[in-house]
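Labels run A, B, C, D, E and F following the written order; every chain starts at residue 1.
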Amino acid sequence: MKLVTGVIQPHRLDDVKSALEAAGVRGMTVSEASGYGRQRGHTEVYRGAEYTVDLIPKVRIEVLVASEDAASVTEVIVAAAQTGKIGDGKVWTVPVDDVARVRTGEHGVDAL
Amino acid sequence: MAELDSGLTAWMLVSASLVLLMTPGLALFYGGMVRGKAVLNMMMMSFGAMGVVGIVYVLWGWSMSYGNESVGGLFANPFEQFGLGGGGVFDESGEAIISDGLPLIVDVGFQATFAIITVALISGALAERVKFSTWLVFAVLWVTFAFFPMAHMVWGGGLLSGDGPFAGIAEPVDFAGGTVVHINAGVAALVLVLIIGKRKGFGREPMRPHNLPFVMLGAALLWFGWFGFNAGSAYGADGVAGLAWVNTSTAASAAIIGWLITEKIRDGHATSLGAASGIVAGLVAVTPAAGSLSPVGAILLGLVAGALCALAVGLKFKFGYDDSLDVVGVHLVGGLVGTIMIGFLATDGGLFYGGGFNLTVVQIIIAAVAILISGVVTLIIGLALKATMGWRVSDDAEVGGIDLAVHGEAAYESLGGARKTTEVKA
Amino acid sequence: MAELDSGLTAWMLVSASLVLLMTPGLALFYGGMVRGKAVLNMMMMSFGAMGVVGIVYVLWGWSMSYGNESVGGLFANPFEQFGLGGGGVFDESGEAIISDGLPLIVDVGFQATFAIITVALISGALAERVKFSTWLVFAVLWVTFAFFPMAHMVWGGGLLSGDGPFAGIAEPVDFAGGTVVHINAGVAALVLVLIIGKRKGFGREPMRPHNLPFVMLGAALLWFGWFGFNAGSAYGADGVAGLAWVNTSTAASAAIIGWLITEKIRDGHATSLGAASGIVAGLVAVTPAAGSLSPVGAILLGLVAGALCALAVGLKFKFGYDDSLDVVGVHLVGGLVGTIMIGFLATDGGLFYGGGFNLTVVQIIIAAVAILISGVVTLIIGLALKATMGWRVSDDAEVGGIDLAVHGEAAYESLGGARKTTEVKA
Amino acid sequence: MAELDSGLTAWMLVSASLVLLMTPGLALFYGGMVRGKAVLNMMMMSFGAMGVVGIVYVLWGWSMSYGNESVGGLFANPFEQFGLGGGGVFDESGEAIISDGLPLIVDVGFQATFAIITVALISGALAERVKFSTWLVFAVLWVTFAFFPMAHMVWGGGLLSGDGPFAGIAEPVDFAGGTVVHINAGVAALVLVLIIGKRKGFGREPMRPHNLPFVMLGAALLWFGWFGFNAGSAYGADGVAGLAWVNTSTAASAAIIGWLITEKIRDGHATSLGAASGIVAGLVAVTPAAGSLSPVGAILLGLVAGALCALAVGLKFKFGYDDSLDVVGVHLVGGLVGTIMIGFLATDGGLFYGGGFNLTVVQIIIAAVAILISGVVTLIIGLALKATMGWRVSDDAEVGGIDLAVHGEAAYESLGGARKTTEVKA
Amino acid sequence: MKLVTGVIQPHRLDDVKSALEAAGVRGMTVSEASGYGRQRGHTEVYRGAEYTVDLIPKVRIEVLVASEDAASVTEVIVAAAQTGKIGDGKVWTVPVDDVARVRTGEHGVDAL
Amino acid sequence: MKLVTGVIQPHRLDDVKSALEAAGVRGMTVSEASGYGRQRGHTEVYRGAEYTVDLIPKVRIEVLVASEDAASVTEVIVAAAQTGKIGDGKVWTVPVDDVARVRTGEHGVDAL
């Protein structure tokens, strides 16, 4: 099995979620993150002091998949999250030794 | 009477203070309802109105509303008492002129707060997407061409007052601003959203309130301030003020229940947003009527206003206009409910009290004329600004958050990682 | 005297407004103290009370409290002045009746706000676990059968007043509601938590306040509003009101210090929750005593109340009852401290001022009778509701968060991912 | 006149209540501006001041400020009316003494709130790093040795009053506390930060406000409360109070605009923090001047104060002193702007109204003397406390968050994982 | 070494933490997350507009363990987090090349 | 490729970020976390009830790197985050099968 992780623009989350559902993915875990990269940060001003904030809000999506689905799930996320602007994010895949479903104690692909 | 009534003056000083507090209350009420990326901009529309309208009122607002030189019953000469000069508020020796026991300068303060809150009310329709500069210019233009004239027409002895042409049918009643404030602001909101258009994603993306306790606190500050608004409009520290006070509070109570019952039946839940909205709906509806109802009448009015506004806020989804925070559904509808139900519920002249249809008819006329005037004036200002300064921020600014883009700030602390870059220019 | 005192009337209009603001202040004070998943429900218990009690007061509350037809000194006939009719508040011509310089309709407003806040106080004991519908029904029943009668007994010339049977010992003192409001609500809270039971995980899971700045702001609004509560209860804009004002503020100041010192010694920290709680404890204790103390006496009372309440809030862990937000520890204990210490500290008749024990004795009797009556009435209502509507939400709703389950809302914005599903039904 | 003016008394009771509310308003204004790990400590400095100063005022504050036994025009004998005894506030029969229509006990309450807020103002300079115990001791010492004497000098017939030596040049004007409150607190803040030193990371790490809606709400509560501060200082419910009210509100409005324009030009953004700060700057500047300006003069004063303070808050980065929340930039600078511009703008005696330079000169002298006295007194107290109790918390406590380290609390709910460990000690 | 990650119901966190302690685990990292899966989301209502929120609050636990402990730690988490209701979550294991302790610079199993 | 994850003290974030920039790392993803470990938690007090909070605020940094850079990036983080006090945190490395850049759809080291 594989863990596909995507770090994307927050306003693309709904579309990515829909695309994954459409592609048959039945579960995922989402969390908030901040990204640093090529994308220029914004400037905040407080009483005349200017701050450059170079951490930009992102959303992290994690999807556990059968090994053979990793590539296609990656493509689905890339396609749905893409706006073409700098800062769109990354998707990466990590090998997984084992998955268990807490409710039942099942292991392996059945646990997905 | 030129003698000072210190009790009355004390009450009017307090009332003015209470009404001033309503605008930050509104800022919180509105601010909590938008998404976290737009709360500062939302609040700044109210605070900006406190800035520009507060200045303008002293300069020409008072003169245009309550000056002595009426122009066709529509507005008064802005230059007559410009800057509170001209001998209208202070006499030659600089002493405050007292009228009916009250120094007029206190009345200036009281009235200024009405102008501020009315402008601020409109901003609820414009959430998350409007240029701050355009908003400030709009505030100045609209208060000048729509609010001051309406105040003159209704309260300054103009067209829609007891001295106007319709008073022959029955004396029109607007105790504290059903037409001047709520219908006026509600119509302006409707016209503006049609000109400006929807937020990106309206009706598709969820746009949930980011902080409901703020909304509830805001509604509570509005309720508190509204005692000055309504009971202060009695211009007396007496039984009429007392009646207005009780009617105001009772209508708000009843409207909470009216709204919650409606939602519970329709959606299965009684929400906190509903309770807060119900408060405002009840207060809006009782505004023109606070001096004319019995307290039991206020319960009835509150229940009806709560229920009807709860239904009306859904219209924007039906018709697809993005009146973001329901200025139309609450202020226009609530203002109409109150203005028209006076015709039925007024203990003096209302239909239910044997007064016939006349009062109802005149109230409907007044409301209709107000809608017309406010609509046309707002349309002209709105289109002119669209053609010149433009109303909308860029799409990127809107999606990324107007607070950062326009005000250069984020409302709440987030993950570290900021770097101070520029030396401060002092 | 039937002549209007506009200064007094102004002050009472303000006082009523201030006391009305206390209930949203309380909502914030309580709301900040619960967990984030239950803040809306917590606030809605106060706002719901503002809805139903506000209506009920006008209908039969005033009549039951201050009507002319007392039933055995326990309560007055609710139908005599039902809906503020019956000629008690307005004369035949509809004019407000003036009594001692004040239009009675202003007093109606003032008294209504006391009824609202007293009911809302109880909700602190019921945090995070109670059906909203049951709460609203309870509010109506309890205000009717426990609050209006107590107001009648103490202030309306009934059993516990200066006209009652105990007045022979000494004239009992309850300036602004030590028995009627705080002991009454505190006892009700204790009885209800015993009927309703604990939150899941009480005493095991941590249940930390989710937003302490809200708690502090809430306490501040309570302090501000309490000026109306106590100084307004002087029914005069005069030296007595001034003394009540200074005593109120001073006792609150002293109770902050009393509470903080107690905590610092016991726990090693002076907390913000302690400061906020100390404010409330001091205000509660000075409520019955505000007109009878010297300002130095108010310092003493505040210090004692702060320290004792700081100790009392721990009792619930000792005895295992989940008085979630310490209504018993603050309002019952604080109310008793104030009511009984009057016997010592009253400059007119107190033990320390050479007045002997009589005043102390009568104060204890008054308190004991109030506890008994309030306890029995609440027990009956509480058990009846348990048997019929039921008090508790489901375990899942409680664990998952009552805001979502009952009100269909989340207090704060969280990660996106919502989808609009249903067309809005307007 | 020994006869009660109930209207005046009502207004002063309200004004005292309004000014009391300013301190929690300030707590919110300041609390929102610090980082989330220090908000409770920030608010506790205000609440702690409400505790100790509230007690001290009743004991010896009133006597030192307004007692009859002046010591060289610098302060009055603290023992003469200690605990409000000595026959100054109450007569032998315990009745409140009435002076100019007002029971003096009401004035005690009103004045106590000024003492509290002035001390609390200073805390803005000390954010995130100061021992709470040292702060409380400082509050007692500073209010005793700096505030009460200054109140005596300016308002109690002392050195800087119309009875003092400089009155020969012109009668000095401090309507509501430009010197006593704002210059006094501003100087104290500057002296203290020099003694105490900077926050770790000042000028390097970003220290952004953690909650700007709190800042805005705090500013709004200050505005609201300031009506009591300024219009209450008229000691009349009359035209002067009305003028002060209108000037206060108008100056705040104008200062919003003054600040926002300055920022927009300098930084490209009009910020919400700027609007909130502008409000305070305008209110500060108009404090000494509220009774002497025309409303158009108030616009001018507000614009100038807003712009100058917007520039002044950057000085701390230039000069490297950590006046964390800009007490110097807003209160000292704003207080000076208002105090000195009276010399130009006063309609009675100001330069622009043909009054010559005398008033300006005396105002500058008054300000300079106040700066000197406040500076020296604060220096002595500050150094004495540094040598004894120490001012700073440990580095770890500061970096890890003073709320947790000092108060044992976190302001907001965070991820679970707490375990209840100790049995509660009740 | 292995990284065992569990996504569980928030109200099970205390029990899972206790169970891991009892099992000799001396450290872990916890963060907030939101889950999407079989569990039905709840409905929120705002002024008559109904929203289905299908992201449900979860807590993520990460535990670095020696390879041989991965299976047992997984079982401990599963056992302690289980309520038997849909939405109980997942536990998965990923291979880890190296671990360093920041304080000391130690590497490998010693760094745990 | 590798994913280097660091869990560090929040107040070290700025320094770590600077050090990584200096070492040529051009992107990273940051998120909030809470840590449990040897570091003793603090005590919170509410109305006389004391709570021991054993989850301490931390920050998680994730950096995708070419395999050969994993060790050096780890050392950079360790060096910059170190204060020498208990609770400084961990840095670990996990193998990555693939990385995609959302904006362009590029894969592999080019996507970093």
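Note that a contact is a pair of C-beta atoms (placed from the backbone, for glycine too) under 8 Å apart; a residue touches a chain by one contact, two chains touch by 3 or more.
As the structure is a computational prediction, the values presented were derived from the model and not from experiment.
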| item | value |
| --- | --- |
| Apart from chain D, which chains still form joined groups through touching | one piece |
| Degree value of the rotation bringing chain A onto chain F, based on Cα positions, nearest 5 | 120 |
| Between B-D and D-E, the pair with more C-beta contacts | B-D |
| Chain copies touching (chain B, chain C) - same or different residues, decided at half shared | different |
| Where chain D and chain F are represented by their mean Cα positions, the distance between them in whole Å | 45 |
| Approximate Å spacing (C-alpha centroids) for the pair chain C, chain F | 50 |
| Interchain centroid distance [CA atoms averaged], chain E/chain F, Å | 17 |
| In chain A, residues with contacts to at least two other chains | 11, 14, 17, 30-32, 34, 36, 44-46, 48-51, 54-55, 94-95 |
| Residue numbers of chain D (touch at least two other chains) | 5-8, 10-11, 14, 205-206, 208-209, 211, 237, 266-269, 271, 273, 311, 313-314, 317, 408-410, 415-420, 424-426 |
| Arrangement of touching chains [line / ring / star / complete / other] | complete |
| Touching residues on chain B, where the partner in the complex is chain E | 206, 208-209, 263, 266-269, 271, 273-274, 277, 310-311, 313-314, 317, 326 |
| Complex interface listing, chain B residues touching chain F | 415-417, 419 |
| Interface residues, chain C side, partner chain E - complex | 205, 399-400, 404-405, 408-410, 414-422, 424-426 |
| Partner chain B, residues of chain D touching it in the complex | 5-8, 10-11, 14, 18, 35-36, 203-206, 208-213, 216-217, 220-221, 223-224, 227-228, 231, 236-243, 245-246, 249-250, 252-254, 256-257, 260, 266-273, 275-276, 278-279, 294-296, 298-299, 311-315, 317-318, 347-348 |
| Contact set on chain A toward chain C in their complex | 10-11, 13-14, 17, 30-32, 59 |
